Amino acid sequence: MKYIIAIIKPHRLEHVREALAAIGIEGMTVSEVKGHGRQKGHTEVYRGAEYVVNFLPKVKIEVATTEDMLDKALDAIREAAQTGQIGDGKIFVLPIEKTIRVRTGETDHDAL
Amino acid sequence: MTRNPFRYFGAALAATTVLVVGSGVAMAEEAVPFDTQVRFIFNTLNFLLMGFLVMWMAAGFAMLEAGLVRSKNVSMQLTKNVALYSIAGIMFWLIGYNLMYTGVGDGYFGTPMPVSIPDPAAEAKGLSAEGATMYAAASDWFFQMVFCATTASIVSGTLAERIKLWPFLLFTVVLTGVIYPIVGSWEWGGGWLDKEYGFSDFAGSTLVHSTGGWAALAGALVLGPRLGKYGKDGSVHPIPGSNMALATLGTFILWLGWFGFNGGSQLAMDSAENVSAIARIFVNTNAAAAAGAVTALILTQLVYRKVDITMVLNGALAGLVSITAEPLAPSLPWAVFVGAIGGVIVMVVVPLLDKLKIDDVVGAIPVHLIAGIWGTMIVPASNSGASFLGQFVGVVAVGVFVFTVSLVIWFILKATIGIRVSEEEEIMGLDAAEIGVEAYPEFGKGSQAI
Amino acid sequence: MTRNPFRYFGAALAATTVLVVGSGVAMAEEAVPFDTQVRFIFNTLNFLLMGFLVMWMAAGFAMLEAGLVRSKNVSMQLTKNVALYSIAGIMFWLIGYNLMYTGVGDGYFGTPMPVSIPDPAAEAKGLSAEGATMYAAASDWFFQMVFCATTASIVSGTLAERIKLWPFLLFTVVLTGVIYPIVGSWEWGGGWLDKEYGFSDFAGSTLVHSTGGWAALAGALVLGPRLGKYGKDGSVHPIPGSNMALATLGTFILWLGWFGFNGGSQLAMDSAENVSAIARIFVNTNAAAAAGAVTALILTQLVYRKVDITMVLNGALAGLVSITAEPLAPSLPWAVFVGAIGGVIVMVVVPLLDKLKIDDVVGAIPVHLIAGIWGTMIVPASNSGASFLGQFVGVVAVGVFVFTVSLVIWFILKATIGIRVSEEEEIMGLDAAEIGVEAYPEFGKGSQAI
Amino acid sequence: MTRNPFRYFGAALAATTVLVVGSGVAMAEEAVPFDTQVRFIFNTLNFLLMGFLVMWMAAGFAMLEAGLVRSKNVSMQLTKNVALYSIAGIMFWLIGYNLMYTGVGDGYFGTPMPVSIPDPAAEAKGLSAEGATMYAAASDWFFQMVFCATTASIVSGTLAERIKLWPFLLFTVVLTGVIYPIVGSWEWGGGWLDKEYGFSDFAGSTLVHSTGGWAALAGALVLGPRLGKYGKDGSVHPIPGSNMALATLGTFILWLGWFGFNGGSQLAMDSAENVSAIARIFVNTNAAAAAGAVTALILTQLVYRKVDITMVLNGALAGLVSITAEPLAPSLPWAVFVGAIGGVIVMVVVPLLDKLKIDDVVGAIPVHLIAGIWGTMIVPASNSGASFLGQFVGVVAVGVFVFTVSLVIWFILKATIGIRVSEEEEIMGLDAAEIGVEAYPEFGKGSQAI
Amino acid sequence: MKYIIAIIKPHRLEHVREALAAIGIEGMTVSEVKGHGRQKGHTEVYRGAEYVVNFLPKVKIEVATTEDMLDKALDAIREAAQTGQIGDGKIFVLPIEKTIRVRTGETDHDAL
Amino acid sequence: MKYIIAIIKPHRLEHVREALAAIGIEGMTVSEVKGHGRQKGHTEVYRGAEYVVNFLPKVKIEVATTEDMLDKALDAIREAAQTGQIGDGKIFVLPIEKTIRVRTGETDHDAL
């Protein structure tokens, strides 16, 4: 099983959710994060003094998935999240050693 | 200048002397009888007191709107509200007041020129002259100005979350300096609508609220809905407001201010009858608001199985607008009825606008425009001095004029400097795009929230 | 209807003529002397002015309570506050006012029937009749109505975060239409408590605040504490309020409104003595609030080593409630003392209630009920017209009646439609369960926060 | 005590009788002529009405400051504002008022002793005596007290986010009990500044606003800037305020309250001239605020390419402070000019203070101190009764006195109990360190946010 | 060393913390997240228009633990988080290659 | 590729960002979290009743990096985040199997 961590632009979340649903993936966990990277922060003025906003709002999506679904999932996310503009984000895939469903105690494949 | 407890003592004595002596021999021609002064004081106090309540409504609109937009657009909405109140104050001095009230005759507008405030000593002295107005000119201006500002407040809510700051403010300049004063001159300025049709609009259901509403509607049509509000399939995607506590606070402020709005429109408080009328207006105003709120409360529960607080707030406000055209004549139960229909209007018109893909962020069109029309048209039912025809002519005339002129101005603004932020800016939020100061930087997506 | 500077001019002239002529020959019998009118105006103005300040307290309660509940229950709390103010306005018209004031004799209640507001012209004309009341009936109704609404506001805070909306509103209907008017009739309506015991409660420490407090206590007992508030081991788990800025704003609003609450209860402003009394009431009211706040400030620092702002706010309010039974007679230092004990009450009673597992979300029981009793009982110390016995009888009678009747109603509501949301709904929050509109959708756990 | 519609009826009749009889034979010596009473009522009403508007400014400062600090310091800021208003109320009773107004002669201060409020019946009766003051003493005290509280409010904003609670409150005790009353005695108490220099400060640009500003400046210098505000390289790191909705609400509250602040400072409303003056003051006050806001709006757009809402709010307030020294004499365009310069001051002084590394969290120094000086110095331009020299002496005298005394007190506090929280506490936030109650526990870093 | 990521219902957090403390695990990091899965979101009405709330509030708990404590930790979390209702959440176990304590620089086992 | 998860004190974030920038690492994702560990929560009093705040505000930094940069990155983070006081936080290193840049579809090394 794989753990997909995708950092995307906030307004693409709905697209990504739909794209994943389209290939049968419903389960996911999302959170508000701040990103820093190539996409530069902007300079603001507050009460006459400048400051740089270094971190931009992003959304992090976490999806645990089986190996066989992995590539489909990655493609779905990438396509749905892409705007072509800098700052579109990254997708990381990490290995999962074990998965458990809290409600039933089922593990791994059955737990999703 | 001293201000101690004894300072005034001297002045008081002096004044007493003047008055006492004044009723004597030598100064008899100059002295203004104390009773006349008392009447002048009461009427002026009425304008000041009720005026500051209406001024306070500016804060009410600001809070209501700040609560009903998303957090990324809150600073913008607040800025617009502070700015429009300020602009109304300046424009209504520069040209608005006299365009509305001076030299209208029975015509279509007055003379656009700056107001000047008389010297208090001179004004007081002039009271003994025949035909003297029985209130301070400054207090009248103040009271009229806050009405003008209210009109502008109405527009800002509908167009929220997508309009650029400066075109909005330019429109406000025209609205407060020209459009509202012209419409006002027809009726309150003694123009054609008053003279020829006996149009009756006690505190401005049409002149203030519908005027604001028509201008907002024109703007909403030219501007288009917010991104993502309407799906291509005709679906409606609600965009919840960010802060119900502010929206409720704003509504309570407006409710409070409305006592001044309607009560002060009696325009005088110098007799038992006048103050009794003001008291009756307070009661009817409150009854209509309560009825509007309770109606929306019950209807949202019945129709949607949950009580939508934003509709309840809109219901209270629609009740208030409904009673504004005639808050004096109705009996208490009639005021309840008039206000309750305001609540029904909100329930019907809010989803209707969505069907028409007219995106009215805070519900200003149902509340101010439609309930304003309702309130105006129902006046003859309680006030025999008004006629159905006169009311109809007034409603239509104001509608056609304000809507057309507003449409033209919005189009001109659109064609020249543009009225809408870019798609990217709309997504990012107007605060980041145009204000540069976030409303809640440490919460949610705020830049200081890490 | 014209509204220009010259409109009134005509009216003023006309009126002047009437008055002048009126003191002449032909119309002599009709004309009301101007001095009488002035007195009528001042008294009516007192009710309207002080009344709108008390109306504003509805917003104060709304903000205070919205600030002291968790964010998931804020929309509900706001909805309840808008609704209860609206309901009070309707019920006090339908039956409350006359149940409280009409035909009470020296008995136990008046005649429940709708109020009707006189025609201003008739009312003004009637002033020349012997025995005419010297204020507009509408203004009196307005002033009395906002007191009724205050009573209901008190209940809503205690029962927050677990009570269902509709049973609460049904209780409000009974409280504002029946319970409060009956209690009020005993004293302010001139009933038995006034006639037989000389009970003295200037602005309602007992009639308004304790009444609200007893109803709240009965509700809290029937409803039980919030989930997780008390551990099985007797431990207390505080549930911090979500927004101290709102709670503080609410307290400032209440403080401001209280000048109207106590000052307006002088009921007249038509003589130097009356207005001087009102001024003295303002000073004492402010002193008691300040003393309550400072006392709680110092005590929380001493006892808990930190200053608990919610206790300071409660302290100010308890000071206000304490002085409400007698804001006129005390000297300034005595007002400070009475208010300071209010602060002490908060410090003692808030933890005491927790020991008794009575869950009072906003501290309404210490602030309104206990400080209300304190304020009522201490009246004889400054007002020789009141007796300890009379005060005691009043406090007990009101307590027994309101508590018992409330308990019965809460039980009936519990047994029929149920008063408490399900455990699941309580965890999810009342906003999602019953209102469907989150207060802060973009912050914290809000549905738009991603 | 009955309160039913018929209660007052008796009293009214009785009073009427007294008055009628009083103008007859037997009681002639006792009765106060009704006209005198009316004047007394109007003047007292002026103080009460305008006074409650100024009292409301305490809430305005609280909201403004709560909005401009970070969320971790909001409860502290709110606590300070409730506490300082309470302390002002107590200190101005204990010693302040009489230190300011009693026995000042043409000297430097009066007699510090508690105020006592006269009995209303006695005060009313005394009106027939020669030299009687024509307003209720209690109303005057109330009006003066809220001015004293305003002075203290100004200090709290500048020193936010790093000062300890108790030293701040101790300073407030001295400021409201001693410093402000002494300065006030020089002018409003009829002391040397008034007598010898004809200093003119209608409503307190210098006496209230600059006094607060100087005390704040001294505090800021002794306290030092917030951690991280200024880089070692001279860079400035803005620290955005947490809630623009609250800041805007606070500004609207202050704007509203300012009508009372300036209007009430006419000190009388018992003649046509006085009330006309009050009306003129309302108009000028509003114009200056509007001009200050619009100026800051335009300038921030031009200079920074975005509109900084905090500067617009500061601009409105600076406009208000600027016109406060002379809100009556100016013509409307002159009021606009005076206010607009207030807006310019904000634009210039806010960044200037940062260059000097003086950390003024809310902009109180530009708004209250610098605009206060501007407003005071420009008085002679519209009021020929004032001289440039007299104004200069007043500004300098107040500045030297308040700044020096404040500096000494801040140093004493620093050397004894310390005035600044530890670095660790400052990072953690003052709410956790000293209040123990978070303002927004469920949002952002709040302890309940999981 | 293993990295446990548990997505649970918010009101179970306190139970889980206690359950972990009971087996001697004190260290953990938690955050607010939103979840999507079998548990369906609800339909709401706002101003007369319906909308679906797709993501429900959840809490994410992250615990780094040694291999020998892993099973105990998983059981503790699962039992404490379980309500038996749909939406109880998931537990994922990922491998950790290195752990460092910032304060001391200690690594791996000693870093916990 | 490695996935660094660092839990640090909030006010050290800026230092860490600068330290990483100094060694050429710009990309990172941060979020607000709450931590529990050796550093004890504090007891507060609210309305006369005591309660313990168990979870303290922390910031989580996530950095995906190549093997060769790993040690430098870890050192940079550790040094910048360290105050020497208890509660300074932890750094965890997890393996990444795949990295994708959403905008371009580039993978692994090129995706950073």
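Just so it is clear, A, B, C, D, E and F label the chains in written order, and each chain counts residues from 1 on its own.
Methods note: a contact is a pair of C-beta atoms (placed from the backbone, for glycine too) under 8 Å apart; a residue touches a chain by one contact, two chains touch by 3 or more.
Remember, it's a predicted structure, so these values are computed and weren't measured experimentally.
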For the pairs A-B and D-E, output the one whose chains share more C-beta pairs in contact.
-> A-B
Among A-C, B-F or A-B, the pair whose interface repeats that of C-E, with over half of its contact pairs matching by residue number, is A-B
Centroid spacing, where centroids are CA-atom means, of chain B and chain D in whole angstrom = 29
Cα centroid separation between chain A and chain E, in whole Å?
-> 18
Would you mind pulling out the distance in Å between where the CA atoms of chain D average out and where those of chain F do?
-> 47
Residues of chain E touching at least two other chains | 10, 30-32, 34, 44-46, 55, 94-95
Which chain D residues reach two or more other chains?
-> 36, 38, 49, 137, 240, 243, 249, 304, 306, 308, 310, 436-437, 440, 443-445, 447, 449-450
When you draw the chains as points and link the ones that touch, which shape shows up: line, ring, star, complete, or other?
-> complete
Complex contacts: residues of chain A adjacent to chain D | 44-51
Across the complex, what residues on chain C touch chain D?
-> 35-36, 38-39, 42-43, 49, 53, 70-71, 100-101, 104, 131-135, 137, 140, 144, 187-190, 194, 199-202, 240-245, 248-249, 251-253, 255-256, 259, 263, 265, 267-280, 282-284, 286-287, 289-291, 293-294, 297, 301, 304, 306-310, 312-313, 316, 328, 331-333, 336, 440, 443-445
For chain A, which residues count as touching chain F in their complex?
-> 2, 5-8, 31-38, 54-55, 58, 60, 74, 77-78, 81-95
Residue positions on chain B within touch of chain E in the complex are 236-238, 240, 304, 306, 308, 310-311, 347, 350-351, 354, 363
Taking the complex as given, what residues does chain E use to touch chain C?
-> 10-11, 32, 34, 42, 44-46, 53, 55, 57
